[in-house]
Structures are given as C-alpha cells and as structure tokens.
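Some notes on the structure that comes next.
Just so it is clear, A, B, C, D and E label the chains in written order, and each chain counts residues from 1 on its own.
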Amino acid sequence: MIGLSHYLVLGTMLFSIGLFGVLSKRNAIAVLMCVELMLNAVNINFVAIEKFITPGTGLGQLFAIFVIVVAAAEVAVGLALVISIYRQKKSVNLNDFNLLKW
Amino acid sequence: MNNLPLLSLTLFIPIIGAIFIMALPKDQEKAIKYIAAGSTFISLVLSLIVFITYDRSAGGMQFIENIPWVADLGVSYALGVDGISLPLLLLTNLIGFSGVYASWNISPRGKEFFALLLILITGVMGTFVTTDLFIFFMFYEVVVIPIYLMVIMWGSTKRVTKEYAGMKLTIYLLIGSAFLLVGLIALFVTAKGLLGFPSMDIMTLAGVEFPVGFQIFVYALMAFGFGTLLSMFPFHGWSPDGYAGAPTAVSMIHAGVLKKIGGYGLIRIGLFILPAGAKYIAPIIVILALGNVVYAAFICLSQKDLKYIVGYSSVSHMGYVLIGIAALNVISINGAIMMMFAHGVMAALFFAMIGNLYEKSHTRNVDDFGGLAHQMPRLATGFMLAGLASLGLPGTVNFIGEFTIFVGAFSTFKVIAIIAITGIILTAVYILRTLGDVLFGPRKEEWDHLQDLKGPELVPLIVLGAAILIGGILPFTVMDLINSGVGELLAHIGSIQIGGIF
Amino acid sequence: MNYSLLSTEILTCLIGLVVLIFGLVLPQRGKVVVGKLSVMALLAVLAYAILNFGSSETYFGGAYLVDSYGNFFKILFLVAALLVMFSAVKYNERFEERSSEFYALMIFATLGMMVMACAGDLITIYIGLELMTISFYILTAYLLNDGLSTEAGLKYLILGAVSSAVLLFGMSLIYAMSGTTVISEIAGSMTTEPALIAGIVMMIAGFAFKISAVPFHMWAPDIYQGAPIPVTTYLAVGSKAAGFAAMARVFMVAFPLSQFNWSLALAVLAALTMIIGNLIALAQTDVKRLLAYSSIAQAGYILTGLVAANVYGLKGVLFYAMLYVFSNTGAFAVATAVEVDSDSTAIEAFNGLSKRSPMLAAVMTVCLLSLAGIPPLAGFVGKFYLFSGVIQSGYLWLAFVGLIMSMVSVYYYLMVAKAMYIGEAASEKAVEVGSAARFAMWACLIGTLAFGLYPAPLAQMAQFAISVFF
Amino acid sequence: MNLNDVVAAFVTGLTLSDVVFIVIAGITVLSALGVVLARNIVHSAVFLVITFLGVAAVYFQLNAGFLGLVQIMVYAGAISVLMIFAIMLVMDVEPQETNLFNKSVPTILTGGYVGVLFFAGMTGAIAFTKWPVSSVKAGDAGADLLAGLMLGKYVVPFEVAAILLLVAVVGAIILARGVEDK
Amino acid sequence: MILQNVLENAWIIPFLPFLAFALIGLIFHRWPKFSTAVSILSIAASFVFSVMVAMTVFSTAEGTVYEAGTRWLSMPGLQVDMGLLIDPLTAVMLLVVTTIALLVQIYSIGYMHGDPGIASYYAYQSLFAGSMLGLVVSNNFGQIFVFWELVGICSYFLIGFWFGRNSAKEAAKKAFITNRVGDFGFLLGILFLQIIFGTLNFNGLAVEIANYTNTGVLSMISILLFFGPIGKSAQFPLHVWLPDAMEGPTPVSALIHAATMVAAGVYLIARAIFIFNTSAEALMVIAVVGGFTALFAATIAIVQNDIKRILAFSTLSQLGYMVMAMGVGVMTAGMFHLMTHAFFKSLLFLGAGSVIHAMHDEQDIWKMGNLSKKMPITTWTFVIGALALSGIPPLSGFWSKDEILLGAFASGHMGLYVLGSFVAFLTAFYMFRLIFVAFFGSNTAGEHAHESPSVMTWPLIILAVISVFAGFVGSPLMNNAFGHYITYVGAQHHEASVSIMIVSAIIALAGIVLAYLVYQRKLVDYEAVKERFSGVYNLLYNKYYIDEFYALLIKYFVDGTAKVMEWFDLHVINGIVNGIAIFTGRAGTALKYTENGQVQTYALYMFAGIVVLLISALCAVFTAIA
C-alpha cells in the first residue's frame, strides 16, 4: 500500500542523486542540473505531504510553485554566470575555477 | 566638599589633554609636550588634594560618584576611593607626570606618543578609582592596546624584536584577561541569580554569599588573570621582554602601576567578593610567589641588559606582593599595598634613569658602562636611589613594604617567609653588582660626551625620589591611609579566619 | 488592518524599481544622480522605520509580522545598506553604466532581508531569502571582466542553491510534522519524531550556510574575496544579520527547547566556528580574506547568543549584529578606500597608512579592535551580553572558547594595525577618500565608540525587540 | 509503519495506482541517475527532461494537476530549453567528454558515500516516523485555490517572487551580456 | 629649655648629623668648606649634647633611665616607634661615638685636603654618625634595624668613596653584601620576636621574656639575633669584609673600626643581653665564636705587611674579645673594652693614616722605617696606642682586657681564658713587630717623610691622652665604676684578682720583648722562619684562603644557579609560551588548506556536516525513544 513515506523516500532518493551529482560532476551546467534535481525532490515532498497531511489546503503546492519560480530564476542567473565565466576562461569545468583559495 | 567631582576630573583631564593634542598639528612639538605635562600635572595635583583631604578617621569609600550606566547589566559609572586604591591613584599620577618628562625628547611622532600616553594614564587611573566591576575591567583592557602601539612604534629591539615583545605582552595579558572575564561574567550571572537583580557594584557583590565551590573556581580564574598581569611565576614571561622592548614611559607606567592592577584586583575583587576562594587558593599562590622571589632574583644575577635586570627584579618584587596578599592578614595586606606603591615608584625611577642613559648612549649593556658617576653624578644619584630602594634599604619606602610583608607573612607561613626573605640577600647582590659595574670603577673616556641630567630630565628624579624618601622616612603618611582601607577589608571578610589552609 | 506599517518595505521596493527604470532611460551622468537620490530616499525610509520602531502588527494570519523584532532588523539593514552605499560611491565608478542597476540590486537585496526578518511563515522566509541571495549572486559577479568576481559568483550560486535545497527539505519535513508553515503555529505540534529532528537539523544547516558557520562556511572566504568590496561588506553584515534574524525567530518561536535540545548542536557549531574562523584568519595575508575569516568567527560569537536562547543571549545577538554593522563596515570602508587607491587589499597595501592618512588608520584600528572585543569599544559590550547569556544557560566551556579565541583574534587584527603604524609606506601621499566615504567612516567610528561607551540605548532597543519572544 | 512493512507491502497485493507509482518512480529515478552518470552533457539534458516529466507525472498522481502542468511548462519547457541553449553556447570539446566526473577520485567516493549516508539516514527517519496522516480525502486542489492563497495570505511572497524574477532577469541580462574588455 | 630637660631632647643628638647630611646633600655640596664646617659643627654640637646627657645620666648613683617614643610605623599588631632609650649604656656609647666621630672629622680636614669629593665625604660622615647615634638611642628592635642598615649603607659609600678604584668598588660591595647575610638572620630574629611577643620594644620584651619559658625558642631567637653582630662586628665566618674595608680613606677606617660600624654589633649584644642571658647555649655559641675570631685574626695579623691590614686584623681579634666577653657573661667588660678599644684603635688608625699621608700612600711596613725621627708625635702617640692595645698597665687597654680575661676565668671558661691570654701575647707581638719595623726600622725609605699638620696631630694627642686614662673609670682602683653603671640587667662583676692582672701584664710584655728581639735586635732571622714554615706562613698570609673560598662559592654556586635558571627561563618557560603560539599559527596554516578553491569540496564539507549532525541527532532521538 503506497503511502506518504514512499513518496518521501522517492524524494529523498532524487535528492541524494542530485546531491551526488553536485558533488561529483565536473561540468558547471551539469551541476546546475543536479541542483534542479534536488529542488524537484523537495517539491515532490511538498506535494505528497499536502496530499496526505493537509489535504485541500493547497499549502504544499503553493510552496512547490514558489520553489519552481525561484528555481527558474536561479537557473537563469546560473546559466548567465556560466556563460560569462566561459567567456573569460573558455571553460565550464569547475576544477578550473580555483583562483580563489586559501 | 564633595560637590566637585574630583575623581572624574582627575580621570578625564588627561583624556581632554589627549583630545587637544590630537587636534593640534604635528609640528607643534612644544605645545604638545606642554599640554601633556600640564594635564598630567593637574591630575597629579588633584589626586594629591584627594590624598590629603581624604578623611582617614572615617575610612571607607569617599569622593563617591555614581551615575547609572547600563541598567540591564547593573553597570553604573561609580567612582570612589578608599585606603586601598588611593595610594595607587596617587602613584599613577606621580608616574604619569614623570613619565611625560622622561619621554621629553621622544621623536618622531611625538603627537601620537603623548596622546597614547595620556590615554594610557587615564586607563590605569580608571581601574583604581572605579567601584564598578564592569568599568574596572573596561579600563583595565583599555590600556593594553595603546601599550602595543607604543611598543612597536617607539620601542627598542635588543634581545628580542620590539614587535615580538609587544605582541607577546599584549596577547599574554589578553589571554589572562580572557580567563578573568569568564570569571567576572560567571560572578555577575550567579550574583544576578542570588540577588534577583543585576549588579556590578563591587560592594553589592561583596555582600553576596557565593557558594564556596564557586568562589574557589572564580578566584582561581582571577588568580590566573590577575596573576598574569602581576607576572606571577610561571606566567611572568611577558614582563622582562615587554619592558625591554617598550619605550621608557611605557616601561615606567607598566612596571610602575599597570602591574599593580593585578594585585589591586586580587585584593579589591578577589578578597572582597570571594574570601573563601582566596583562602583556599592562597597556598598555591604563595608557592608560585616563592618562585617569583627567588627564581627571578637568581635570573637577575645573570642578566647584562639593564632593562632585563629591572624587569626580572620587578618580577621578583611582585613575589613579595603576592605573598602579602596570600598571607591574608591585616599586616601582610597592608604590606602588599605598600609594596605595590613602593615598587611602583622605584621601578619607575629605575626605568626613567635607564631610559635616559639609553637615549644618550644607545646601549643598555652593563659591560659597556663603568664609572659613569664620574660623568653623570645626578644620573648616578638617581640610579643609586632606585637601587637602594630596590634592595629595601630603610629610609626608602620599599623597606616599609617589605618589612611589613615579612611580619605579616611570617605569622602565617614561617618556612616560606624565611625562604622569601633570602631574597633580600640576592637582591642586594645583583643590585650592587649592577650599580657598581655601571656607575663606579675607573672613568671610561668613551662616555665623556654624555650629558648629565638637566632641565626636564630631572623631573622624574625629583618627583619619584621625593616620593621614595618621604614614604620611607615618614611611613605613616601612607601606611595609616592603607590601614584604614585594609581595616575595612578585613572587617568585611572577618567571617573567614585569617590564614591560608594548613 | 493598518497596512501603513508595511510602507517601509513598499517604499524600499519602489525605490528599487524607480532606480531600475531611471537607470534604463537616463544617460550616464544621470545614473550617478539616481544613485545619490536613491541613497537619500533610503535615508528617509530609515527615518520612517526608526519612527515606527515601536509599532507592531500581524498580517495575513501570521504570514508576515511587523513587530519590534522585525523593525529592529529593518533598521539594521537600512543602516548597513546606507553605510555600504556611502562608502562605495568612489568604488562604484568602475561599474560605469551598470552602476544604477547596482544600486537597484542592493536595494532589492535589502528588501529580501527585510522580508526575512519580518516573515512569520516558512514560505515568506524562503522567498525573502532567495530574493536576497539571488541579488547577491548577481552582485558578487558584478565585476564582469574580473575572473575572481565571476568565479565567486558561480561558486556562491552553486553552493547557495544547494543550501537552499537543504533548507527546503528541512522545511518540508517541518511542514509535514506540523501541517502548517506558519511559525507561530508550528510550536504547538512539536514532538520528537525522527523526521522532525531531521527537519530541524536540515534547517540548522540551511541557516548555518547563510550565517557561514563551520562547516558551512567554506563559501564565505572565496566569495568575500572575489566579490566587489561593497558587496562583500553587505554580504558580511547584511546577509549574515538577515540569516540570524530569520533563524532566531524560527528557533525561538517554532522549536521550544524542551522538545529537542538544538542549542547543543548550535553550541558545537558555534565553538567550531569561533575556533576555525580565528585560526585560519591567523594565516591570512590579504585583508579582505582576513576579514572574511574574521567575519566567520564573528558569526560564531553571535551564534553563542542563540545557543544561550535567553534574554541576555538574544539581546546579545541583536546588539552584536548592530554593532557588527558599524565595526565591520568601518573596516571594510577603509579597505575599500585602500583598494581604490592601490588596487590591492594585501596587508602590504596598508603599510604606513597611519602616516599617509591617520584618520583611516584610526578608523581601521578602532573597528578591528571592536571586532576583537576590546573595551571601551562596542564589541566588548556585545560579547559581554552574549557570554553572560551563554554562562547563564550553563555553557561555561563555550564562554571559555569564545573569549580565548577572541583574544587570539587580537593577534591578526594587530597585524593589520602593525602594518599601518610601522610599515614603510610605498607612497607618502594621502589616500584620497570621497566625502561620502569619509562620512561613512566617521559614522562607523562614532557608532563603534558610542555603543561601547554608552550602550544603554541600543541595549534597550534590543531588549524591546526581543520582548516578542519572552 | 516501518521499513519491514514497506517491504511487506510490496510482496502482498499491489493496487493499480501502486504499480503506476512504482513505474513512474522507477523511470524518474533511473533518468535522474542518467543525468548524473551520462558522459555527454546533451544526454544529461535529455535525461533531465525525462526526470522532470516523471516528477510531473508524480504530481498528477497526487491529484496536483495544476502543479503538474506548471512543472511541465516551466521545467520541461523553459528551463530545459535554457539549459540546452547554454550547453550549445559553451560546447567546444568532443561531446563525449563534456560531462565527465570530477578529477579527484576521493571527492567522488566521499561524495557518493555522503549521498548514501544521507539517503540511509533520511530513509530511516522517514520510516520510523509516525506521520500525522489526515483521513480527509480531498480532490484536486485547483488553480483557484492556489490563486486565492497567492493573492490572499501569501500575497507578500507572491509580490516578492515577482521582484525576484525581475531581479533575476535583469541580472541574467547584465551577466550574460558582459562588457567589452578594455 | 633644652638644658633643663636634656633627656627629653636627646633626639637632637642623632638628628643634627642627619640635618647636616641633608643640608650638605641639598644645598652646600657646591662649597666644600661650608660642607666641612656644617658637618663638624653638627657633630660637635652632638658631642656637647652627649656630654650633657652623660652628666645627667650619671648624676644619680645607679644612673637614670629615660624612655620615650613617637609612632612611626603602626598598624594593628605591628608597631615600630622612633624612640629614645637613654640609660648609662646609651650614654657611654653616645660619648664614645660623638668623641671619635668629632676627632675623625677634624683629622679629616687635613687628611682629605684637596680631595675633589670633600663635600660628599662629609655628607657621608654625617650620615654615618647620625645613623650610628640613632642606633644607639633606639628603644626597639625595629628602629635598631633601620639604623643598622643605614650604618651599613654609609659604610658602603665611605669604603667605596674613591669609587674610581675597582678595589674600592669591590670592597664596598663586599662589605654591604656580607652584612646583608648577617642581617638576614638578624631580621628573622626580629620577626620571631614580633610574632611571639607582639612587641619590639626592649622594655616590653624584657617583661614578656621574663615570663616566657620555652628556652628552645629563645636560644633560636638569640642565635638568629647574633647573626647581626656576626656581620656587623665581623665575627668569624663573616669577617671577610673588614680587612678590605680599608680601601676607604684612612679616617673612615678609624671611624668604622673604632666607633661606628663594628661597635654596633657589640652594642646590640649588650642592648639585647637580657635575651641572650636567657639561653646558655646561645651564650656559649657567642663566646666560642668570639674567642675563635680573636685567635684566628691575631694569627693572621702576625704575618701581614700592610700597616692598615695589621690594624684591621687586630680589630677583628679585639672584637672577638668583646663578643667573647658578652658570651662569658661579663657584658660590662665587653662594653668597657669596646670603649677603650675605640679610643686606642682610632688613635692607631689615625696614626697610621698620618704615616701613610706622610709616605704618600705607602702602606707596606717594610717600605717604611725609622719614622720616629721624622714624625715624633705620630710615632709616640702610635706607641701609646700600641701599648694600650697590648694591654700594658696602666694604660686603658690593660684594664678592659683584664676585665674580660677575669670574667672568662671567674665564670669557669678556662679554655677561653687561656685562649684569650695567648691572643694577648700575639697582639703585643704583632703590634710591636709593626712598630719596630715601621717606626724604628733601619730602612731609610722614610727619609723624606715629615710630620703631619697640627689639625691631624692634635686629634692623635687627644686620643693618646684618653687612651692612657680612659681605663681607670673601669679599673678596680675606682672599684669598677664603669661596670656598675653600665649594668643593664643586674651587676655582672667579678672580684678583681691581682694574679690574673700580673699574668696578663707579663704575657703582654713577653710579646713585646719577643718582637723587639726578632725585629729590632734581629736575633732570629725571621726570613728563615718564613722559609721554614712557608706552608703555615702562606696559609696565614692568605687569611686561611677564606675569601678565595667565598669567591668560589659565589662563582660556582650562586652564579651557576643563576645561569641554570636563566636557561630554564629562556628555553623552558618562554619555550612553552612560544611553542603554544607557534602551534596555533601552524594549525591555522594547516586548516587554511582545506579551502582548496574547489567548490565541490566545499559542498562536500557542507553535506558531511549535515550528515554528521543528522545521524548524531537521530541516534540521540532513537536512544531517547528506545
């Protein structure tokens, strides 16, 4: 019988995958993608929670929508940054971005 | 006659002077000096007035001023002096005044120097005149940073660089004060719990019955914090290097009064508020103090740099003060305070003379000198006076302090007192050796160009020398005052029977 | 309902929009004027906020709260924003035609902070936080042809996005357990369910990132170093304060300590933050980066107030946050002037500053010492409040760590002082400082001194502000 | 309900919706893994779209139709396209090496380890929690409800979100346009 | 008016010299003549006063006693007064000190003529006299200690008066430090008195001790107190400073050896005799130390060649006599000898000074000779002094020395009696060795010598006269008037025995004769003897190598310890401090490298933190649940 916890586990799973991606990918854009994965995972949580705990209030969905909006904005800025840094370094490889350290 | 806030005036006139100095343009060297001298002189006079008009028969806190400051911390701008703080206040002004003259030829950047010096003097004074824990600590830490700046800007590099010396001194004292601060805050918080209202007033706190365990804990913290400031063995490392690196005036004030804040704090805060803790910790302090007296005295024997000799000797003398404080009886504490006053004047005079000599000869190494009494008789007189005071010769105020401490300590711990008293022999040895090698012996031609003290350079010698002799020949002028204060103290903590735990 | 109390936020928002629009239409000259005007307008807003400090109102069923606590932080943010803008006037010239957008973004960031401070609902907090953060992503990368700046921007974005994901995950769990996102209602349904604990932990992590507490501090040094100095300043004082504002409200209101002792976790974080921040700062040679680490350490001190979670502690948090604005901005203002002068913030660049321009050196020294907590400067009083609270709630060891580390910190602050006072200056000519920046520095100096010498008024404000929790 | 029950639930009879969920979840997770594991950034992008669609499907299954649509429009539509554009703009190497893992193997391993730990811990927390599930059965919360919330209780976040988007747009333009180096 | 109540105003006696010191130091030091005048006038006035005091005191049969004190340093449980205690003992000491001080200062006019430092010389002289007088009139131990130390420092200044010489510098230092060692014990004794009896006032203590039974404590206190005299009166282990003390101008030596410095120790014992008398052990120690010193010094004196050294060692041995007298319980005899010795010893030193002056600072007796022609006054006064010292009746030395030997004999200390007599023999011998060699020797080095100016000779003559007659006041002929008066606690006097007198007179004569035979008639080749017993000779000549031993002690023990401690301070204590500092810095540098610039590392740290927090929190919760 599929319950809330399954959805949450699904969310957690997506979250962890995204997390792993963030930690391990080299390409800045891929990292942004993984961030999106994490945000989607959170959204799944919100929606599922609303469905099972506060049905009919729309609270979770609202939260999810806001998250989507923010995510979109973040992606926009992020990609702009990637482009701008690519313009300077001709690279999107995070390993190359270590002028700032120590 | 208390309508005039004498203490506030004494306290803030140097600050006002400092502000004026900062306002002046750099090149007004003369005006700057005169302002500095003038403001310290006014403070000196005011503190003398306080010293004289203080009603010794009445005793207790007098010249009280009290303005609520921070309500929720129970802090109030509270001033007042009693027999314990008044001598030290006077001492501060004596040394401050002579300090200005001792650095008369300071250059370059005399402007910054005198401004910082005045701030420094105010800071030290503040710790002695306030009766509020918070304000006390505030003033205490105020002094640390100006000293650092003065050391690195006008200090001298000999065995250690002045940067190292200044940093060591600063960080050392600050770490000590960190422990102290924890203790104070704990004190404050616990007192708030017991009283029900926040208070930083020392007397109010003294009225609180703290649990013994807590007292011991906090007093231990204070013993470390204040002990570090008092260069208690083995936390004395900063003091010789610091004095060696510091410019004359700073050495004078630091060795003269700043150190004494440690002893003063131990008495004013430690004994007043935490008598039981004091009683418990006393034996430990005494053992360490023994380290000060003998160990430091021995080290003096093998020093060649005049400033190091005086630095270590001051460590050694502080041992007496610690013993006096730890012996916890009226005589010994009287002695401790007298000793603080005495050592302050003596050390200041010593450093003033050394500074003057160094300024002219650019060396402080004993072996370089010899027979200076030929060329500079006045300087020699100053050295001699300081030296004799330092070895506790009767007729100098130091004898009064040492003798009283010995009597007091002897009645509490015999053996330790005996060992400590051997210090007088060692002191005699290194002092006479040093003075002999520097002042006496055949004339050395290379020093014929040295000018003897003259003009402003004489002021420290006169002021401090007078203090040494007057205090030594007419001890009751100071001792009665101190006694009135210590009487109060002992009456207050009468609950604990006198003496460490044995 | 009296919506006039929202006018602070609304005005700020409007000013931002106006600046943005005029920035598009006006020619280069005009943009500068726009910047100045916007500053003036913000001053008016600040005045308004101060006047309405006392008034409070609850909007939208607790989703948005205008209370003394929020107002305190609004004032704080506005003060910070103004000081930064003043001190940055000269620096901003290098943004050429983008300068008006710069002001706009700063103002929007301020708006985001205000929303965070006044938010009574997790959603509001999140949105405010994101507005602030995204503005900062852009501002951080604002030196477009400077590799460091862009790199910092990208790093900040990635880490910031991840951290807000974590925060969201935590919020989702809280929401799951309490069925509501309104902070004041959450408290009612507190249990010790594992999921709830997990939620709290992840929210701690999320906020800890914003306030750059160890081990979530790693971004701070790089971003602070890479970003344009004004942005760094604002990040350090504003963003951090906002993080604390929201965090304190959430944890004080939503999570009663009786349920789950989160203060222990915070205590560990605080200790780590103070130790590591100060230790690494010892090894820095670039003043900007040094200040970055020092600000990490400062976050640790402020965090102790939250650990204490009692009157003194929180008062300390607010007091410290406010004085931190003055002290830190003062230090950064001087750093800005020096960078403008010599295009470098390495310690060597400060050599002989006291000879070149004594006033700058004095401001720097005073502010740094205030950060170190040396009386009679404000930092000391702040620390006194904080550690009184900490000791009162029984974390003696934390007080030891904090005070000892703050004394250790004196070392690197004095290193800067040393360079300024005995270093050999490359050039003898004075560092030229614009009148605005000079004003900002004086303001910081006076604030730092005044709060230290006569802390009572600020203390009362803080007292009044935290009265909403007790 | 604890983990064993979860396992048990799988072996015992599964309703249709359960099967659907499992299928969707499977697809989503697998494609998410694809995003991470693909060596070609373009493939990653494609997998990402699939994941987004899967998430949308989950929304639909949770009776959040409106949200599902938003998800498809914003994510599967806008964001993915944006990503592809970006990818195209910055593609200069062989597609095969566009999406490699981090150079330092320790980072990857610890990263994987941390991820697994996180998953384990969180799953445990979820499994051992008694969720205050409400018995109320509500239908699809339509756009009207959300609109009411946005313009009512949550008007502040709504407005702020608007500003946020504005900021993002302005910022994106400024950053992407860049300045001509002098 | 002053004359009416002399005793009340006796404080003026020490006060005047102090005043003189202050005046010279502050005002007159630019004008040597003024300084001289001020100093001499002040001491003269004190002298007059002392005479009046003495007259008042001795006006009554048993001598009047006056005590007064003014509060100086006081607090609950500790009171040190500046007081006056005038009794016969004091009176005598005042007379002796003022007389000799006065004469010495007059004499110095000639001796120090032309010295650049005359002003400071007289300043020190005044201070010296003042301190000594203050010590004499003290009515409590605190005050005594104060002036005790002042006397010490004055000796430091005067011995090191010619500070240009390294030898003077060293001698002065040696004198003060050696005294400090003694004072250490003395101070401890005083502290014990204060702690146990709660007062330092002599009369008070006398009462307290009278009904205090613990003799062990009393012995300890007595012996501790005795450390003071050991230092000041240069008794055996701490005698080393006195011979070197002649580095100072000769008049100073006269003052130190006769009136001020060394007398102080003996005077202290006399003053505190009521304490010493309570403990037989202490008395025994004192007697033995005294006796040993007497012999020890005399043996050394035999072989010395420096005229002042010989006198110095004779002083040592005479001091030994006095201390021994105290020890064997005849304090009066000790004081008696102190007085007489003061006169003839100062006479001898001033005479020696006159010789040295005439010989242009030549001090080796073998380089003198045949001075009797050139400087008769000096010679004959010197001979008188020598006779008095050797104890030839009826000169003063005879009576006092006889009193002591009598005391030793009668109190049953046979050993000490024999020892004393032997020392008397040695004394006569070495004194006349000196005289025969220096004044009647065949050596013609003294050709160009000439008699000293009258300002120097008159004091010699006066002292010579006193040396001759001073003895009678204590002699049986005047049935020990001196002894009767000086008694501080009951008369201590033994019936004079003619036999002992005769014996000691014969012994003295024997010594003189031997010296005459050896050094004048040259019947024995003393060089050969020297060769024969070269070992013994060197041992004696080098003063039993005690100075060398102390030097080694200081070099290796004291300075060695100092070096060790310094090393410890530099490398251990500072090492630890610096170590901590360095460690902190290193830690910072190490941690710094965690910021490796890799954004993903940062994220990794973040999530590691989260996971740790999460798991620990969950564990906490689960344990709480379970």
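What we mean here is this: a contact is a pair of C-beta atoms (placed from the backbone, for glycine too) under 8 Å apart; a residue touches a chain by one contact, two chains touch by 3 or more.
For clarity, every value in this text was computed on a predicted model and none was experimentally measured.
Counting C-beta pairs in contact, the chain pair with the largest number is A-D. Among the other chains, the CA centroid farthest from that of chain C is the one of E.
Innermost chain of the displayed assembly, by C-alpha centre distance to the whole-protein C-alpha centre, is B.
The chain with its Cα centroid farthest from the Cα centroid of chain A is E. The distance from the centre of chain A to the centre of chain B, each centre being the mean of the chain's C-alpha atoms, comes to 64 Å.
Note on chain placement: the centre of chain D and the centre of chain E lie 102 Å apart, centres being C-alpha means. Chain E has its Cα centroid 96 Å from the Cα centroid of chain A.
Between chain A and chain C, the centres computed from C-alpha atoms are 26 Å apart.
Multi-chain contact residues of chain E (touching two or more other chains): 592, 595, 597-601, 603-604, 607-608, 610, 614, 618, 622. Shared interface positions of chain A, i.e. residues touching 2 or more other chains, are given as 4, 8, 15, 18-19, 22-24, 31-32, 53-54, 59, 62, 66, 70, 73-74, 77, 81-82, 84, 94-95, 97, 99-101.
Shown for chain B are the residues in touch with two or more other chains, namely 171. Here the touching chains pair up as A-C, A-D, A-E, B-C, B-E, C-D, C-E, D-E. Interface residues of chain C facing chain B in the complex, by the touch rule stated above, are 315, 354, 365, 369, 374-376, 380-381, 384-385, 387-388, 391-392, 396, 399-400, 403-404, 406-408, 410-411, 414, 417-418, 421-422, 454-456, 459-460, 463.
The part of chain E that touches chain B in the complex is made up of residues 71-78, 80, 142, 145-147, 149-150, 153, 156, 160, 163-166, 168-170, 172-173, 176-177, 180-181, 183-184, 187-188, 191-192, 194-195, 558-559, 561-563, 565-566, 569, 573-574, 577, 581. Across the interface of their complex, chain E is touched by residues 102, 104, 107, 110-111, 114-115, 117-118, 121-122, 124-125, 128 of chain D. Note for the complex: chain B touches chain C at residues 69-73, 112, 134, 137-139, 141-142, 144-145, 148-149, 152-153, 163, 167, 170-171, 174-175, 177-179, 181-182, 185-186, 188-189, 192. Interface residues of chain E facing chain D in the complex, by the touch rule stated above, are 598, 600-601, 604, 607-608, 610-611, 614-615, 618, 622.
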